[in-house]
Amino acid sequence: MKLKYFAWLRHSMGCDSEEIVLPGEITNVGMLLDWLPTQNERFRRAFEYIDVVLVSVNSRYADRSHPVRDDDEVLLAPPIAGG
Amino acid sequence: MSVETEIRFRLNGREVALKVPATMKTLAMLRDQLGLTGTKYACGEGECGACTIEVDGRTVNSCLMYAVDCDGREVVTIEGLRTPQGLHPVQQAFVDHGAVQCGFCMPGMIMQARNLLEENPNLTREEAQRGLEGNLCRCTGYAKVLDAVEAVAAKESSHE
Amino acid sequence: MSKTASNSPIGKKTLIGQRVRKPDAPDKATGKTRYINDMVLPQMLIGKVLFAGRPHARIVRIDTAAAEKLPGVHAVMTGKDAAGLKFGFVRDNVALKDKVRCEHDEVAAVAAESEEIALRALELIAVEYEDLPGVFTPEAGAAEGAPLIHDEFAGNRSLHFEFKHGDLEAAEATSDLVVDNVFRPHHVTHCCMGTSCAIADFDHNGKLTIWTQTQYPYNYKMDLAPALGIGPGDIRVIQPPVGGAFGSKLDVYPYEPIAALLAKRTGRPVKVIYSREEEFRASPTRQAAIIHMRTGCTRDGTLTFRTADVLLDNGAYTSWGPTIPVIMMRTTSGHYRVPVVDFKAQAIYTNNPYAGSFRGYGNVQTTWATAQQMDMLADMVDLDPLEFHLKNAQRSGEITPQKSFLRECALVECLEAAANASDYSRKRKAYAAQRDEPGRYKKGIGLASSIHNAGGAKIHKSDGIGTILKVDDYARVTVITGASEIGQGIDAVITLIVAEELGVPLEHVTIVNNDSDIAPWDVGVHASRTTFIAGNGTRRAARKAKAQILDAAAKFLEEPAEALDLRDGSVVRERDGAPLIKLDRLLRQMHFQTEPEVVMVTDYYEPKSEPEGARHVSDHSAAYSHAVHVAEITVDTLTGEIRVDKVTVAQDVGRVINRMGLEGQVEGGIAIGLGYALSENMQLDKGRLRNACFRDYKLITAPEMPPIEMHFIESNCAEGPYGAKGVSELPTIVIAPAIANALYNATGVRIFDPPMTPEKVARAIHDRRTQATPGKTAVLEGMTV
């Protein structure tokens, strides 16, 4: 699975994107968001407030129930507060 | 080290005596020494009118006037307009006509508007526009300020 | 004891659409209101910032020893005290800098017992700089070998955005006419009358209280926290009355964490406040852009495509300015029916001051381009622009390429109302015919329109609001709302809605909305959302309270709740208005019965809208609306001065709630747009601002405001409170191109680089007159038509 980061998540993760192997038991966005912070210290710190992060799966906005597969491209974007 | 001078003047109808540094501006004296924060700092260089007060019947930018020059004079600030009976007619008109949004420029605007109306109770809208040219407002576009001033002028002329 | 009050029936009256006074107006008019700028706390110190004063430099050495020794100085801090505490949307900023990247970079800060001492301390700080070559345009920043402003951002490349829809090549092939222009919307700034100010204080548990001018208090905590290395939960945000905001307070700016760092170091409250010059130099700007736009149509005037290639001057740090493409693309794809769209935007770091949000947020810049191109195409297909607009205007139920659902669309009604009221078509023809006749003064009339969000913008997972409402034993209502009051009048709207629903006097409603420890969440004041979102939230909460009250009344009165209503401080029979019991009496009966019942309700309202995802396709607002402006001007062709004689506005507001407040928002928004169009300009010279004062940065003044004739079109938005939509940005968005189009009508010249100053206008008129072919459009600076 390709994880792409936007805005300050790039700084927190130290890269624009990376490949991970999605465990078989992770089947939707909600499970992915719950699992990512447990991976290592870098993930834990970056995703401390993961619930505000907007997720796109293959460029479409996805809520927690949206399915995910290992060959998906997932963009994680913090909110744009100004407008 | 600042030279201090004792001054006495009438402020909003009452005698006041205090010591002020020679370099202090009237705006700072009002806000910092006398706790009258209605008069605002918004530029400090006489360009915006937010610090407008009345001295001996004329409006001035208090940010440009030295505090020591208040000595012996009659000074009126926004706090001096209302009475125990209620708001000054100009203040009430500003409230009634929706002229107040963020309100930061309003003390200066009201002081200037009141002075214009006292000089010329039959002030036209165009004359009010000219007279308020030195009072900057970023919220209202001045439209309801002018409505309020026109309304007060109309009331005053209907009493004649 | 009689339960009834008076015997006369109370008819149903409504406050919706009435003129309601702003609740805080009397205190503001008497000078009683304590703005944050006026606040003094016990033990408070004054903080001042040492700005770099140069656009790009290494900081070699800072010597603060002399400053620290000055009597009355409690702390001197520099970049080492903020090292690693990165904040900002891309985490490219710190409160005190390690390197200078723009003129207003904060190099050091002092907390002292008075402003005078703090300023003297700043003078005693010795900084040794090594100046670096700078870049002052996005083109220069993007060039090969350009000096790097941030090590982490190669090529000085900041954010980029893209949206494509349809087959562009095919659309170009079917187009009979194409306009292709470059527009350069410029740097302007908010000029809030109250200068930037923050007061910070820590308690003994390490919890920060910050008094701030923020207009987004809850997300502000998340954005401030990393600048201080504390958790967002340990920040209490208090919002005193402010002297304007207009979008400038939608982000965290360095003076705020500086106040907090100084407070932490000194153990005392610290107030940082800007002078007006500091305000001009150091507060955020509107996003400047270079917009290369192309619009095509067929010979019969049907739009075929619109493309925009946008280069943004990111400035030294990334705040909200470079995120405006999210809205720019909505206008590019949704301003009239456009079958094919190609939008891309790239922000490039420069050593210029950086942009935040500003009323209109990208739509000011985009509509400046789209509305002029609409006018140009109309001319080229020889159609009255009104006809051209009507031909391409969407109707209710249409969906744009980005899936904005125009459920209630009143663009046609707005066009017709504004054009008819101003006699647009006849005047336009008449003035065009006069263009080349002798005469110094030329009249012109111009029409422009735009579309904007009117029901929030789901750029957050939650675009909602919490409301807590209680009614006490005296029928006094308190509304604890997340909605921030920044002068725009949401206090009046909330008061009105509560009075409407509960039948209480306006004066009996109190609003609490200025303490994040007390009030529930709201996204903030942006995207013209507050009337819509807070209005809905308030109405829902008030109706819950009403239901509870009428249920209790039904028990006491032995009448069905559905047969009852609340009017004028009484419970009445709905059918005939017969008063049955005074409301306050009922509330006391409810409270002081065996099992007490007190009215306290809560509500969380989330609008129906969808985040747009990486492809930027979604119905991201719960409503959209349109405005049309017709500007009538007189141009002095000798001096180039434009005098705006009249503006006719037609705006789809859904439903008028507070008529007086609504008018004020239109008038004020137009004033800001007029300044943008005619006179405001930050004159940046290699990153240094040359006109940092009101004398040289010209705001619109009272004599320059034209009369404004307003037509509020009520499209009755199904999702909005009483049918209302958000309103406050469109007035700023639409006026500038309306004037540009009027200038063309009057003189045959177009200006693509605002502001349309007398010098520019005079030169363009002169150039046109001295050109070979009369009747040809003269355009400044080598653009092509």
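Read from first to last, the chains carry the letters A, B and C; within each, the first residue is number 1.
Keep in mind that, in the parts below, contacts are C-beta pairs under 8 Å (C-beta built on N, C-alpha and C of every residue); 3 or more make two chains touch, one makes a residue touch a chain.
Nothing here was measured: the structure is a model prediction, and the numbers come from that model.
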Touching chain A and also chain C, the following chains: none
Chain whose mean Cα position lies farthest from chain B: A
Chain A-chain C separation of Cα centroids, rounded to whole Å: 30
Centre-of-Cα separation between chain B and chain A, whole angstrom: 57
Centroid distance [mean C-alpha coordinates] between chain C and chain B, Å: 30
Chain B to chain C touching residues, read off their complex: 31, 36-45, 47-48, 50, 77-79, 81-82, 87, 91-92, 94-98, 100-107, 110, 126, 128-130, 132-146
Residue ranges of chain C in contact with chain B within the complex: 19, 21-22, 24-26, 28-35, 37-38, 190-195, 241-246, 275-276, 486-489, 660-661, 663-664, 667-672, 693-695, 699-703, 705, 708
Chain C-facing residues of chain A, complex: 7-8, 10-12, 49, 51-52, 54, 56, 59-62, 75, 77-83
Interfacial residue positions of chain C with respect to chain A in the complex: 86, 88-92, 152, 159, 216, 219-220, 222-223, 232, 247, 250-251, 319-320, 323, 326-327, 356-357, 361, 453, 457, 459-461, 523-524, 526-527, 610-615, 617-618
